[in-house]
Every structure is written in C-alpha cells, then in structure tokens.
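Below are two complexes that have subunit A in common, paired first with subunit B and then with subunit C.
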Partner chain A sequence: MNAGAALTLYVMAAVTVAAIVLAVVPLPASARRLPEAIGIAGIVATLAITVTQWGERQVAFNGELRIDRFGLLMTWVIMIAALATLLLGWGEPAAAGRRREFTGLVLAAATGMMLTVMSGDLITLFIGIELLSVSLYILCAMEVARERSLESGLKYLITGSIGTALLVYGFALLYGVTGTTSLAGIATRLDSVGGLASDPLLIAAIVLIVVALGFKASAVPFHMWTPDVYQGAPTPVTAFMGTGTKAAAMGAFLLLFTGATSQASGDWRGLIGALAVATMVVGNVGALLQDNVKRMLAWSSIAQAGYLLIGVAVGTTAGAEALIYYLFAYVAMTLAAFAIVILREREVEDGDQLTAMAGYGRARPWAGVVMTLAMVSLAGFPPFAGFVGKFLLFGSAVDAGMTWLAIVGAVASVISVVYYLRVVIVMWGPPADDRSTVRRLRVPPAVAAVAVTGAVAIVGLAIAAQPMLDVCADAARALIIP
Partner chain B sequence: MPWVSLLILVPLAAAVVLGVLPARERRAARGVALIGSLATLAISIIVVALFDRDMAVMQQVDHLDWIPAAGVSWDVGVDGISLWLVLLTTVIFTLGTIAACQRLPERRGPAFLALIMLAQAALLGLFTAGDLILFYVFWEFMLIPFALLIWNWGGDDRRGTGMIFVVYTMAGSLLMLVAIIATALTAMDATGELSFLIRDMQGVAFGEATSTLLLAGFLIAFAIKIPLWPFHGWLPRAYSQAPIVVTILLAAVMSKAGVYGLLRIGVPVFPEGIGNLLIPVAILALIGIVYGSLLAWRAPTMRLLVGYSSVAHLGFIVLGIIVIDRMAAQGAVLQMINHGIVAAAAFAVVMMISRGTGTGDMDRLGGLAKGAPRLAVAFLFVTMAALALPGSNAFVGEFFILGGVFDQYAWMAVIAMLGVIYAAVYMLRMYQGTMNGPVRGVTDDGRAAEMGARDAIILVPLILMMVWIALWPGSLVGATRASTDLALAPAQVAEGRPVEQIGVLPARAAMTPATDPAERP
Partner chain C sequence: MNVPIEAYLMLSLALLALGLVGVMRRRNPLMLLLSVELMLNAGNVSLIGFSRLWDDPSGQVFALVVMVVAAAEVVIGLGLVVAIFRSRTRLDVDEMSSMRG
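The block that comes next holds the complex of A and B.
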C-alpha cells in the first residue's frame, strides 16, 4: 500500500470540504472569491501531482484505487472540465448568492469523476459515480427561483436513480459470476475460466451495466432526460455535465469493458456497437430540430457520445486510444461553445436562443471565430481536432472489422453539418431586427479565457496530434494491464 | 526551398493577416491580398521552372510526419498531372483577387479577401497533396471558405444554397474518408506498414472485388464534386447564387478537384476497380455531356448557361480519364486547364454584362455589341474557345480526348460528338442573344457594359493564355505525358490492353522510386 499514491484524492477531498465549509461560514466581502480560489488551487495542485505520478501503476487502499496512466490522463480531462466550469461560473449572475456552494459541489462532482476513472474495484467505481451524480442533481437545481432549473434537477434525479439501481444490479451479477469485485480480478477470472464468456448471468450483468452507463453517458435510448436537463440547468453546470460527466462515463465504460471484461468482448461488442449507432443517428437527427443553442448542444452531446462509444465498441486499445484523444478534443470544442453561449446569455434575455446569436459574429468577431472553430470542428471538418478524433475512431472501427460503424458515423456526421453550420450562418449573418438586442458588455476575462483556450486547443490538438496520441496510447495500454 | 509547401503557406499567411485586419482597413487589405496572390503566383512559376518534364513521379516533394502512428504526413509535391493545375489556380486566383479588389464594396472588407486566400490555399494543397489524409483535409477544408463566401455575399437565396452546397458535398466526402481508411488498412495487410501516401498504395494488389468497392467509395465524392450526372443538383444554385467572383473560382478551379482526384487516386490506385466501373462511369459522363448541353441550350440566365455547359465539359474530361487511353488522358489534363481558362473568361464576361446592364437574364438582353464593341470582340473569342472551334485551345483538348475515346470505344466517341455540336448551339445562342439583334434591356446601347481597362486586366491575360495553348499545346502536354502514362499503366495492364498502347512498363509502375525523405538534403 502506498499512501502517497492517493495524494490527488486527499487534495481534492480537502479542497472540497474546505469549499463546502466556507460556504456556510460568513465571509467578509473581500474574501467572497475564496472558495473558488481554493478550488482552482486544488485543481491546479491535482494536475501537478498527476504529472509527477505519470508512470507505472501504483495502487492504494488494497487495489481499490489504481493510479495508472489511464486514470491520470482521464483525471486531466475531468480536472480541465472542472477548472473551466469554475471559470465559466465566475461572476455568473444566476448563481449569485449561492456561488460558494456551487464551487463546493463542482469540486465534489469532480472528485467523484476522478474516483470513477481511477477505480480498481466495482465498489470504488460505484461510489465515484454516485458522488458525481448526487452533486450534479443539486447543481442542476441550483437556480431555485427558476422553474426550469428545478424541473431539470428533478428529472435528472429520477432518471439518474434508475441508472444507479441498474448499475448496482449489474455489478451484483458481475460479482456473482466472477466471485470478485476487483477489476483486475474479474479480468483474471474471465481469462482463466474460458467457459465464463457467454454465460447467461454474465450477459445479464453486461446488459444491465451498459444500460446504466448509457444513462450516465446519455446514450440512446437512455437519453430522454438530456435535452431538458441541459437546457434547464445553469449553463456552466450544463457545460460541466456535457464534458466531465461524459468523460467519467466513458472512463467507466473503458474500465469495465475494454479493461475488465475484454475476454468476453464477443458478448458486448455488438451490443455497444448497436448503442453507438442508435446514439449517433438519433442524436444528430434530434439536434436538427432545435432552436435553442443549449438544447442543440445537448442533442449534439448525445450524438458525440455515439462517436465516443465507437471507441468502446471496437474493444481494442486502438479504440480506447482514439476515444481518449477525442475526449480531449470534445471537451475543448464543447467548452469553447458553451463559453460563447454564456457570454451571450449574460448580455441578453434568452441569450441561449439561436436567434440571439444573430449577427453576434459581426458584433464580436473573436467570439464568432471561436464559435465557428468549435462548430466546424464538432462537425468533423479537417484539419481540426474533431476531425483527427473522428478519423482515429472510424479508423479503429474499420481496423476491428466493424466498418459499418464507421459508415454510420460518416453518414451521421453529414447530418450534423446542418445544425452545426446553422449556428455559424446565423452568427455571421445580419443582426436580428431589433438592433438593441446586440448589447455589448465588458467580456468577463475568465469566460474569454476558457473560450480562447478551447479554440487554441482545437487547433493545437490537431497540429500536435502525435505527441498527444503517444500519451493516449500509454493510457490505453494501462487499461489492459491486469 | 520548400517551394511547394510555400505555395500553400503563403496564401494561408495572407488569409491570417487579412483575418486580423480591422474591417475599415480596406486599402491595407487590398495590398495584402494582391501581394499574397502575386507572391503565390511567383512561387508557382518557380515550381514550373524547376519542374523536370521527364520525371513521372511526384517531384519537389516536401515530407514531414504529422501523425506517424496513424501513418499521416504532410507530403506535398507536383507531377505532370498537377503542375498546370497549380499554375491555373494561382493565375485564376490572382485575377479573381484583382477583380475583387477593383470593386471592393463596403461590405467586402478584408474578410472577403481572407476567405478567397483560404480557398486558394486549400485548392493548392489539394492539387499538391501526396498523402490521402492530407488530400482529404484540403478537400473538405475548401468547403468552409466557399460556403462562407456564398452565405455572406451571395444572392437572395444564399442561405439555402450554401447549406445545400455543403451538405451535398460532405455527403460524398465523408464516405470517401471511410474509403480512405479502409484503403490504407487493406494496403497495410499487403505491405505491413500503415501509410496514407498515395505512392505507397500504387502497386498494392487489392483484389478485384475490394478494389471496386473502395473505388466506389471515392467515386461518390468525386462525382458530386465534378459534378457527374445525376449528382449535379448543387451546381446550378451555387453558381447562380454565389458572388460572381466566387462563381469564377468555383467553375474555373474548384470544379477540377473531382476530375483531378479521379486521375490522381482513382485510376492509379484501383486499376482493377477501374476496369469494372469503366462502362458505368462513362455512361454517366455521356449522359452528363448530352444533358448538360441541353440544359445549357434552354438556360434562362447567362450564369446557368455557363454553369450547365460546365457539366457537359467536365463530362468530356471524365470520359477522357475513364477510358484509360494515353492520348485521351493527356487531352483530359489539357482540357482541365482549358476549361478553367474558358470558364473563368466566360463568367468574367457574364460579370461585365450583368454589371453594365443590371441583369443576367437571356430574355432581357440583346444588341449590346452596338455600345460595347470591345467586349463583343473579347466575348466572341471566348465563345469560339468554348465551342472548341478548330484552332482554339479547347479544340486541341477535345480532339485528344475524342481521338483517344474513339480508339477504345467508338460508340462513346459518337455520343460525345453530340456535345461538341450542342456546344456550338448554346454558346452561339448566348453570344447572339446578348450581343446581336435589337438592343434590349438597356437604355445606353450597352455602353455601361463596355470593357474598360479594369476589365481588360482580367480578360486579356485569359485570352492570351487561350492563344498560347492553341498555338503551342505541346508545351503543356509534353510535361504531363510521363505522369499520365504512369498513372494509366496499371489499369491498362489490368484491362488487358495491347502492349503498344501502354506507355510505361507496369513493373516500373509498381516499384515507383518514391522520393525518400531521408535522402533529401
């Protein structure tokens, strides 16, 4: 046992508790940003620690926690999302008065996500997922004065609970089949007892787990909650759900399937492939019909989950590598897009409507360029990061003999062009009739920083694809080490 | 110097500079755009000067690994197929930039010029890419500037048009991406190395069924971009709604992307597949020749007339490539250049007439020659080139194509001849309808449409190039021959063509001495 290995967890737990305690302690006005500052410091410290820990796997708590390259790299995705969320929420008028608990809850959710991707055991994995879910239930309902926000929180709570219940069932069955809750143990058991693959009990466990994680990753047909919740939640929270939660859910998928049950991949490859196909098709078609940018991004996040699931469905480390790369790209694109939505929301009433974006590119060219980059890259136009990611995902599918996945992905991407580019057209088009709606406020530097960093990452991840892929490949290989 | 890379990077840099210029700096924008396009033109002339006419494979190759793990690299160079297209692109874009600068209305600030520069970089990248992924990157990327140009500065229906243009084209190209990945992975099974370099894939035996399937994936993308009948749905709308300068660029340069892809990738990489798809593609091309000509004949506006005539002309080029005959292929490459020059000149004439009279409707124009004699002379010249009058530049290209096609499939040549006849009908209709007859649609005899010095800067170079090619076609064909022979050879062997028809021994084609990046100084 190596206590130092779990250092990131201690740091995150400490700053989370500190932020929550500070939320109830009356603070002088000069220290009102203290919880956020502590949170940001904690996240930066966590990122720094993960860099020093990069190397061979270390375990903590008797293997309950695995600190390996996979967990560390996924922690990066999650912490970047959390950091961006805190910055996006900086001075958010909607969260006024409750800002300090906002910070604490975001940190708690991020800790849960980190626990999920670093887990070495079904129990830890479950605790991680619950920690992130419960924090997000509250975050969604943060704007208690707004009915939509409350509705969003309630909807997420109900569907999330169903997912949780199914996850426990699935884990219980998996334990019943293999006799162990350790991910490494499960892999070893499936490896040694060849007859276990295609065991009805194992298949039942796999189906339940796929459905439960499908809820968390908002895969079709378990996506119904997503548009309502995304639209209703405060926008920084939506951004966090779209990126952090997605990363954690995909991390869980990879740990449980590509990692632990890879010996039984024949049992789940088709199932997850079908899930990916349904998610890509329904997500992209659903997004076509939206007039609200947040809602459109919700549907787009469903569709993007479909592309990501390709990386799980192929069951290879190449698929995992592509998935992790695409996660980074996806997080950059999504955060950049949400940053612009937040910017607009603060300027006008109903700023998340597509019509509110009319002429925004002309009013603020840099914001227009950032949004254009995000949309164009999400649509998969080369040479941006979204294209490189899709190229790698489709490539892994063709390589694994699942060319049909790549073809559906390609067709779905064509559909997606329509709604992504509609945002671009509207933005660079003429302003809406009422010119007063284009109101220009001072741009909050924190939001601008997220937007610009996202845009830089969209280009940078494509140019420096190779070094990034080397890191992703290391992480993917760590998955299959028993 | 990595001239070929500079060819792409210079317009890209100009686009970035133009992108950050404030909208009111129109003077500076003009300067940057003109310097950028002239510098690119100069570089392309250097590339042509350094070109070795006897070398069949890609030369002046710049190679840099981008994603080695995925076999993707920055690999650009020129060969006989791409050389003249590169020069065509830089010339037409220089003229287009001048045209855009001359009448840079208030709204067409630096952004308009920046997008034109981006489009130029993408097209030059496409014509020089030696790596399939790089080819795809440029193929897709050029959509963005063109779509934004249509959206922001197009006609009344610009929104819908831009969307149709993008979605239509993307539908084909994303399937091409899947085909590209599948091709590289299949080739990896044979060679043991993952590489997207086109020269590494040449000579890989894919097997007939696989080869056909993979080629079909590429062909859909090419057919939409060309456009081959029945995939031409986007063309009339895009050509009539885009700003006229952009229409010139679309018709003259972008329309070559599809046929170029067919000759660069389709024929040499999938020789067995070409054999299977030869007749179907040729039939589509023949339908396109006849159908495009008929539509051009009855087209209500000048833009549509020239647009539909492009469908017919590109049908000719496709036919010249797909019959895998040496002479026809040389004609096809020559005709790509000819069509680029003629289409640019024809749309430039349309631009002048529409600007002078305020309309492009055939019904509302007539008798302009009275007030605009100089324009009439230039227009007549362009008309003669467009209908491939013997002695014109297009005649040489069409003669090469038809001669080659006749050698292989006489019946195809007979049907294709219809297109030559129709061309006379619709081009003369356009000339006579607008220039001769009673004066219609204008109050000043068409004096406003007369070609001034500013217009001459654009039209005269194009006419001079037509004359050059008409008189010395050999200067172009001589440089393309080695490369087209090499591209055709494997397909000719697979088709079992007589040995005397084949230009290079296929053995040489298989062991193409790819320029090894390690050997470069």
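The block that comes next holds the complex of A and C.
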C-alpha cells in the first residue's frame, strides 16, 4: 500500500472541503475571494505534484487508484479546464460573484474527473464519474432565479442519471463475465480465457457501457440534452462541461476499451466507430443551423466528440496518443472561444447571440484575433493545433484499417468550416446596429488571461507538436496493462 | 438456500425494463426520478447476484456505493423540482380567481 502516491487526491479533496466550508461560513468582505484563491492554489499544487510523479506506474489503495503517465497527463487536461473555469467565473455574477459554493462545486467535479482518469477499478471509475456528474447537475442550475438555468440542470440530471443507471448495469455485467472489478484483473481474465471474447454477456456489457459513456461524452444518438443544457447553464459552467467532462469521459473510454478490454476489441471497434460516424455527421449538421454562439459551440462539442471517438474506435495506442493530443488542443480552442463569449455576455444583453458578435472584432481587435484563431483551429485549418490533432486521428484510423472513419471525418470537417467561419465573418463585419458596440466594460483580467493563454496554446501546441506527442505517446503506452 | 444466478438476472432485467419504459413514457420529473431509481436497483440486484456467483465481496461493495450515489442524485433532483415549482408559481392576487360571484 502506497498511499503517498495518491497525494494529488488528498490535496484536491482538502481544497474542495475547504472551499465548501468557506462558502457556508460568513466571511468578511475582504475575504470574499478566499475560496477561489484556495482552489487555484490547490490546482497549482496538484499540477506540481503530477510533474514529480511522472514515471513508472504507482498504485494506491490496493490498485483501486493507478497513478501512471496516462492518469497524470489526463489530470493536466482536467486541471487546466478547472483552473480556467475558476478564472472565467471570477467575479461573474452568475458564478462565483454571487454564489460562493461555485468554487467548491467546480473543485469537487475536477476531483471526480481526476479520480476517473486515475482509476484502476470499476468502482473507483464509477465514483469518479458520479462525483463529476452530481457536482455539474448543481452547477448547471446555479442561477436559481433564471428559469433556463433550472431547466438546464433538471434536463442534465435526468439524462445523466439514465446514463448512470445504464453504466451500473454494464459494469455489473462486465463483473459477471470476468468475476473481478479491477481493470487489470479484467484484462488478464479476458486474456487467459480465450473463449470469452464474443460472449453474449460481454457484448451486452460493452453495448451498455458504450451507451452510458456516450451520454456523458454527448455522442449521437445520446446527445439530445447537450444543446439545451449548454445554452441554459451559466457560461463558465458550460465551458467546464465542454472541456473537463469531455476529457474525463474520453479518459474512461480509453481506460475501459483501449486498456481493459483490448482483448475483445473485435467486439467493440465497429460499434464505437459507428458512434463516431453518427456523432461527426449529426454534430456538424446540427451546428449549421444555430444562431446562438453558446448553442453552436454545444453542437460543435458534439461534433468534436465524434473526432475524439475515432481515437477510441481504432483501439491502438497510436489512436490513444492522437486522442490525448487532440484533447489538449480541443480544450485550448474551446476555452478561448468561451472566454470571448463570456466577455461579450458581460457587456450586452443576450451577448451569446451571434448578432451580438457583429463588429466585435473591430471594436476589440485582440478578442477578434483570439476568436478567429479558435474558430479556424476548430475547423481544422493548418497550421494550428486542431489540424495537427485531426491529422493524427485520421491517420491512426487509416493505419488501423478503418479508412472509412477518416473519410467521414474529413467530409464532416469540410461541413464545419461553414459555421466556424460564419462567426469569424460576423465578428469582423459591420456592427449590426450602433447600440451593440457602444457599451464597453473594462476587460476582466482573469477572462482575458484565459482567452490569450488559449490562443497561445493553439499556436504553441502546433509548433511544439513533436515534444508534446512524445509525452502523449508515453501516456498512451501506460494505458496497456502489463 | 441457494438462489440460482438466473433468478437474479431475470429479476434485474425485469426491473431494468420497467425503469426504461417509465423513463420513456412518463413526463412527470418525479416519476422519471423513480424510474431511474428502478434502473439503478436493477444494476444492484445483478451486482449482488454476480457477487454470490463468484463468491467475491467487491460486487456487494459496488452495490453499496451505487446506493449512496442514487441517494445523492435523488436529493439533487428533488431540490431542482422544488426550485422549479417555486419559480413557476408566482404570487399574484389577480390569479387567485377560481371563486367569483
């Protein structure tokens, strides 16, 4: 037993509890920002610990928790998303500004995401997914005075708990087939008993788990909740759902499929591939019709989940490597885009409408540049990080003999150019009316920091692609259970 | 007495089917929560059945964890339903007009 290996978990648990306690006890006005400061300190400490732990796998709690390169790198994605969320919510009336429990809930969700990607057991994986889901249900409904926010929370809760129930059933069947809840145990059991692949009970388990994780990752046809929930939730929460939850769900996909059940990959490759195709096509077509930027980004996040699923469907470490790289790129692009939406929302009523963006690039050129970079990279134009990631994902599909995935992905990307570039054109075009650009607030430094860092990362990840990919390859190799 | 694993699976499948039908047919959020609860307990029944089949305690641990999670979800669900109910019923004396004469 090596409990020191779980240090990141202790740190995150401690700051989460501290932030929640501080949200309940009365604080003097000078200490109003204390929960956020503690949360940011905890996230930075967690990131520092993961750097020192980078190396061979350590286990804690009898293998319930696996601290390896995969979990540590995924923790980076998640903690970056959580940090950005706290910064985006800084002083935001809908978030930390009025409701101090915001910080504690974001930290609880981040802890759950970290637990998910570091789990070595079905039970830990389940607790992680639930910790993140339950915290996010509350975060969505945070603006209790706004009916849309409540509606968003309830819709997310109901679809999310259907997903949870199916996940439990799938895990129960997987346990029934293999007789163990440990991911490593499942892998060895599938390896040793050759006849277990294509066992009907195992196939049922795989289908249920794919459906349940499809709900969490908002893959088509389990995506219906996504646009409503993303639009209704407070925008910093939407940004967090689009990045952190996506990363955790993809981490769970990789741990369960590329990792634990790789021996039965013949049973799930086609299934997840079909899910990826449906998600890419429906997500991109759905995004074409949107006039609300938040809703458009929701559909875009569905489409992006489709690209990411290619990395799972191929079932190889090359696919996992490309997926992890693309997750970093995706998080940078999405956070940059949401930061600009938040900026606009604070300035004008209904700032999340596309019309509110008209002429914004002229009024605030730096914001226009950040948004343009994010959109162009999301659409997959070279030479940005989004292009590199998609190129690797499609390449891994071709290498794995699933060229059809790459073809659908390329066609879907072409469709996506239309709606991503529409935002860019509107932003640099003439203002819709003179009223919309008149009101200019001082730019909140925390939001600007997220936007600029995201934009720098979009370029930086492409320039430093090789060292970054080496790290991702190390993480992907750690997935395969020795 | 030894209950065969088939019995556990039949019961859990029946519960899962009931829950799924409820989720698809009901429109009342309380009924939806109840149906999800049925589905979760279907998972619990099969977890415990398999735990006895393999003579391994981790299935029972899993079932306990699921119960805790289910409780947490219901608490939040009910909280949201109450909040929505409150925001929809406005206090307005003009609307209190079912008795007139």
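By our rule, the second predicted complex is superposed on the first by the 472 of 482 C-alpha atoms of A that agree within 3 Å, B and C clash if a C-alpha of one lies under 4 Å from a C-alpha of the other, contacts with A are read in each partner's own complex, and residues count from 1 in each chain.
Please note the rule applied: a residue touches a chain if its C-beta (ideal position, glycine included) is under 8 Å from a C-beta of that chain, and two chains touch if they have at least 3 such contacts.
Just so it is clear, the structure is predicted and the values come from calculations on it, not from any experiment.
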item: Contacts of A:161 with subunit B and subunit C, given as first, second, both or neither; value: second
item: First (subunit B), second (subunit C), both or neither touched by A:181; value: second
item: Touching partner for A:406 - first (subunit B), second (subunit C), both, neither; value: first
item: Which superposed partner A:61 touches (first subunit B, second subunit C, both, neither); value: neither
item: Subunit C-facing residues of subunit A, complex; value: 122-123, 126-127, 130, 134, 137-138, 141, 144-145, 147, 150-151, 153-154, 157-158, 161-162, 164-166, 168-169, 171-173, 175-176, 179-181
item: Subunit B - residues contacting subunit A, complex; value: 19, 65-70, 72, 133, 136-138, 140-141, 143-144, 147-148, 151-152, 159, 162-163, 166-167, 170-171, 174-175, 177-178, 181-182, 185
item: For the subunit C and subunit A complex, residues of the former touching the latter; value: 12, 16, 19, 23, 29, 32-33, 36, 39-40, 42-44, 46-47, 49-51, 53-54, 56, 58-59, 61-62, 65-66, 69, 72-73, 76-77, 80-81, 83-84, 87-88
item: Complex contact set, residues of subunit A against subunit B; value: 369, 376, 380-383, 387-388, 391-392, 394-395, 398-399, 403, 406-407, 410-411, 413-414, 417-418, 421-422, 424-425, 428-429, 465-466, 469-470, 473
